[in-house]
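Shared chain: subunit A. Partners: subunit B in the first complex, subunit C in the second.
This part shows the complex of A and B:
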């Protein structure tokens, strides 16, 4: 009983250790296989792993960490282990950890190069028993781990990848099944999003901001405008850029907005593009409750009196049948009139944005604007402006 | 004057006397006159009345229709399952001399168009030569519908349609004429005051003044109510100042007077100020009228189309057409009244094109045979003939009925003529080009010009889509008013179980939800050899009624949004109208023994079979619902396209990994 308890504790410790070490999604196969190995073997493995890690560190010290450096490391290993490929599992594992540093974690050819480190031919099972009993478990687990990492980064394997895998493990084993599942699902997931983002994001923050805004706007008439404060005015409050999204319909809504009711600038909200987050701000008006009191598909009214009393567009200038449809910007929680992303997300830049908007929307000069801003750093802040000029005092 | 002929009597009666059916002229104003019972008609046939019914009946009618005698709406009543049998009596011009006179006129016009008008150069130079235009004016063609007391030809609808057949030989001239008199000056004829008429009509009739109709704007196409051109009243209340731009105005560059539709601010009954549309008659001489350069167009290139701008143009209040704020109705009436002639003009041009194509088919040899011997070519010719026959029949039926009443209510019928003839023309011209092969495509031959000219027919004077909605919605509105109570009860079945059971029984027995279930006895109105066809009309009317009932119950007021089914309803109604016209015409031709009447007879039989088949299909589609008839799929597909901003499917060569 005592023995069993010890074993359990040990198993749990090892498991958490491995998980911490890898910081990756480790599949069932990998962990379960490892659990049944003895301490000595694990120690040797760790030693080897450290040794291989060293290879990468060495190269990192000499060269710039990029794809060629990564490939050099692999070539170096293969050249060294021409005959036996000793410790290839450990090498691959070490390499998987380093991929991010070399910036190749989303590069299929890097994974292929890494897969070629496995020796070819000798691990192909020769009977169904071998297939089902997880032939060469450590190696297969390693290959599955590699594919897991690909999956995590959204890298889809291709036919060549499958060929390499087949020449190493054969087409029946678990690793190859994993490959087939990936080939089935990943291409489908790749295009599942109705708001696609390019696979490699641009580096320029302006382009990123444009991409984020384009993804959020629902009106396809929308126009993006970019201002760089340095170019737009002589003495800017700060050096930054402003990307503003506003459609002609939103301009009309601003024109129709009564001067007595204030508009609200809200933000900053976070939006994500893959692993990059940006902060955006919204110019909105309070919702018009009268637009939303009667549900649009309420048939109770017509049942009573005016059933079939409709007039058509051919008889009347303002026929009863055609109601003024709400624009998509008029939502129950507010009418969205514009959005922006600025370089600094500061209060000044948002005020500048409103000032720029006034050039094309003269009505904005007459409407009071309330700034309800909550940047991640500053908590809730409200800036209220005077009617004449929009740069006003703060109320925190 | 113009009277409508009607075959009185039933075939049974005639065969009893073993003689051909007698023809008598009878003035028929209302459907009452048509719904004569069999016994009555027997007595009438016996007496063989020739004199028109006058006296008490007319005064009674005048009492009933104070603003002028009007017809029962034909198409609207079809939606209720009622059929006005008057429409099966094909109209003709009463006076033989009048017909001869008209034919002389047509011959003269036709001769002029064949010999003196060079359509090719008009097309290439995109201008009608001034001398040609002057000759057309001299012939009086600029004042065809203007009454004789104002110096016009005073043609009625039928004669106008007949002349249009000849003027349609050149598309550009035809459109120029239409822009001038079908829409440009029509406002004055419909709603103008006596002074306005006296002031302008004589000069318009001679072509001294050319008119144009200005409605379309950059922001306002089919939706006439959304125009932005504005007329503001001066402080002394004597002048309106007109500001705004109009787009794609036929004759815009050459016109001296314009019918302009603009928004004005008026005070309504409640005392509030609101924007209403008003029609103005504007002279170019008022000042502030400019126009852009003529548009370069696909077809009808010789006609002048351009932008017209009004910059503070002063218009005296005397030049308001109709009432201030009543311009929308004026505009709609102008457009509605101009459409019927498209049927005859299209038919005129098509008949000529068909002749040329037939000549080609009978002379061209391929594989050792004349191509006219090939089945596929024969099929094309037959189908074209069917279309032409139907559009011609519809056009002259509409025109004839129009002439029989003081205030005809035929806007829906006219819209149907326009829809059917424009689409038929496009199909026919396209098929002609197919038969002509390479020749049809070359600019050296006239055929491709016909194709280009024909394309506009589907677009202008109200696009066919909008007109289909007009047809279907008017019908549904009419039917809806009758069905209102029934539908209300049907929608609340727990409170009205008896109505539910009753309608369920009616449905099971294949009857309509409401209305008469007795047969229409249409075969009594036509030549007995067309009995089968008359039965097809009756069957079709039943289907139209059932399907519109079905949709009304299903949608209630939201029927206005189910455009795809409205289109089906409109198509059924159009086919019924075409069948009616064809049967009436063929019946008349056979009874009076016109040349080739057996050909007409065959055309009618074929057309009715085709139309009936088509109607059955449409009926089933409506009953099947939006999933089975694919409407839902169409909606989804289109939505995706709009969302992605174009064709959404990936390229077939795209790889995903």
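This part shows the complex of A and C:
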């Protein structure tokens, strides 16, 4: 009897303690014992989550954040939890948050290694009911979240990934359905872009600049030239690189350009390669409006034309009178004569670029050049990171 | 927009009109006259017009006489009459065209029609702009304005910040969409793409990819969040690109999730066209749009790009 009284007082004490501390739980459970049990579970979970975050922090303190460090952290966890794999859901969630920091968010093998943290065989449902009632819900939604992150970063799973998933959850559950969905849809859009970028982008800024310029130019005969100012001349204004894109046709256009009309260097335009943005500058001439206005209607054909009022998309592009075919660089809002990306995007580097262009285009020395470093379209740009600060100052 | 504005007005009056709300109202009305519509009517932060706008210090007592009421009543009656006259004219025109107009002929290869051409301020103003900032779910900002070359520019900043509300996991979005097509008396009607089979856009982008959205004119609420999507890839750089996307390529998605069971796009029931920027990379974006057109391409025979065979019915949509 006394024992029972003791237990009751203990439970009541616990209850009041818990009610005070964690008021959210009141709505969910009436039994104080269950409350106490949940409290313990929550405590353990929190502890585990902190621990798992700690695993990554420990590794980060010792090693550089890269793929091997990430795999070491996973191996460390598996070695520690050899028998029970306690808190594997929390570990995976912590790892998913840290992936970008380790630079493995686009790496399929990292996701596979992370998936192997789930215990095998234990969570395979044995009946249809178990399948439909979301067997092991927390684990499955964790796996779905993992695959969602893969999808977000454009990582397509392969057969091996499916095998690992099947050995953990079986081939009927919701998590596996998500995998099948991804396998169906992702390859459809994998190569949909007509302006493809390599899966892993280069780190070298010169290569990045070349890649961006190659993507932007539409002339097949275009030639890229790379200058490093230190190598090109003895006393450069700046130590930087200049990547310039110009085609033979553009050179001809510069040759034909009258000396009285100035050329314009516009700049501070942004171009993106997936998540990397670069700033490029354009050498352009003012447009020739006579090329883009419709020729005056020829009265002889007017009646025939207006019979059914047919207009097709090809008609508008073809002027009726005989004239030279326009070059692709001549656009209604300007003739593009060259593009460049420099290491610093500073005014000095742009001036240097024009000076280098004069070596191959002697006509440029005679034509006045106006530097318009702020464009009416782009206006002021918001600067977010410290890296862009120099550029931002320059533009504004 | 007027509807949204009036809704907001109601909310403010419910809250009680103090100085702060009055200031907000002023700002709100200024925005209506400004660059472009905002979907939810939240104020722009970087609007130069409103920079110097300060909340008024003293509130004048509202004095409303019978004379004023009569005046406003008269004005209302007059406005309504003018509106009615205009709309009746529109209705008569529409009915005339329906009854006596030429029947639609079969499209010939190369036939096209401009859906939207962004060469005037009015066309730009009619489009609806929104970003996650408007719905208090992020910090992205977007603008849609007319450029010097008479083209529309959809630009802004996509924020990489995830609002810590415990629900959101992915960064944000910016979007701009066309108005609904209206008939006389502001009846909303679906766009009809019928004889055409391709969407053509003349754009100049910045190398990022965008999302093209086709809204579905649906009656039942389960279909309200259905949309058809396809990607708009841009080259970047100073050259214009003409993008031709067959309508058969648009896939069905619900609340941004691609659907297992695909259904062909109904060309006669498109409620709006929209462009989204949500590629997840934080930073500025810039898309210049000249026009959006429809084209009939004889050589494109495909009805629907995606497979329509029956998958396991237990698994579809679960």
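Heads up, the rule we're going with is that the second predicted complex is superposed on the first by the 300 of 396 C-alpha atoms of A that agree within 3 Å, B and C clash if a C-alpha of one lies under 4 Å from a C-alpha of the other, contacts with A are read in each partner's own complex, and residues count from 1 in each chain.
Criterion: a contact is a pair of C-beta atoms (placed from the backbone, for glycine too) under 8 Å apart; a residue touches a chain by one contact, two chains touch by 3 or more.
No experiment lies behind these values; they were computed from the predicted model shown.
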Which of subunit B and subunit C A:116 touches, first, second, both or neither: neither
Subunit A: partner with more touched residues, subunit B or subunit C: C
Subunit B versus subunit C as contact partner of A:273, first or second or both or neither: second
Touching partner for A:191 - first (subunit B), second (subunit C), both, neither: first
First (subunit B), second (subunit C), both or neither touched by A:183: first
First, second, both or neither for A:220, with subunit B first and subunit C second: first
Touched partner set for A:106, first subunit B, second subunit C, both or neither: neither
Subunit B and subunit C footprints on subunit A, overlapping residues: 310-314
Subunit C-facing residues of subunit A, complex: 152, 174, 177, 180-181, 185, 188-189, 192-195, 212, 215-218, 269-275, 277, 280, 282, 284, 310-314, 328, 331-334, 336, 339, 376-378, 381-382, 384
Subunit B partner contacts - residues on subunit A that touch it in the complex: 156-158, 183, 186-187, 190-191, 220, 299, 302-303, 306-318, 321-322
Residues of subunit B defined as touching subunit A within the complex: 223, 225, 276-277, 328, 332, 469-470, 473-474, 477, 480-481, 483-484, 487-488, 491-492, 552, 556-557, 560, 642-643, 645, 656-657
Residues on subunit C engaged by subunit A in the complex (per definition of touch): 108, 110-112, 147-149, 153, 155, 157, 170, 200, 206-209, 231, 233-240, 258, 260, 280-286, 288, 293, 295, 306, 315, 318
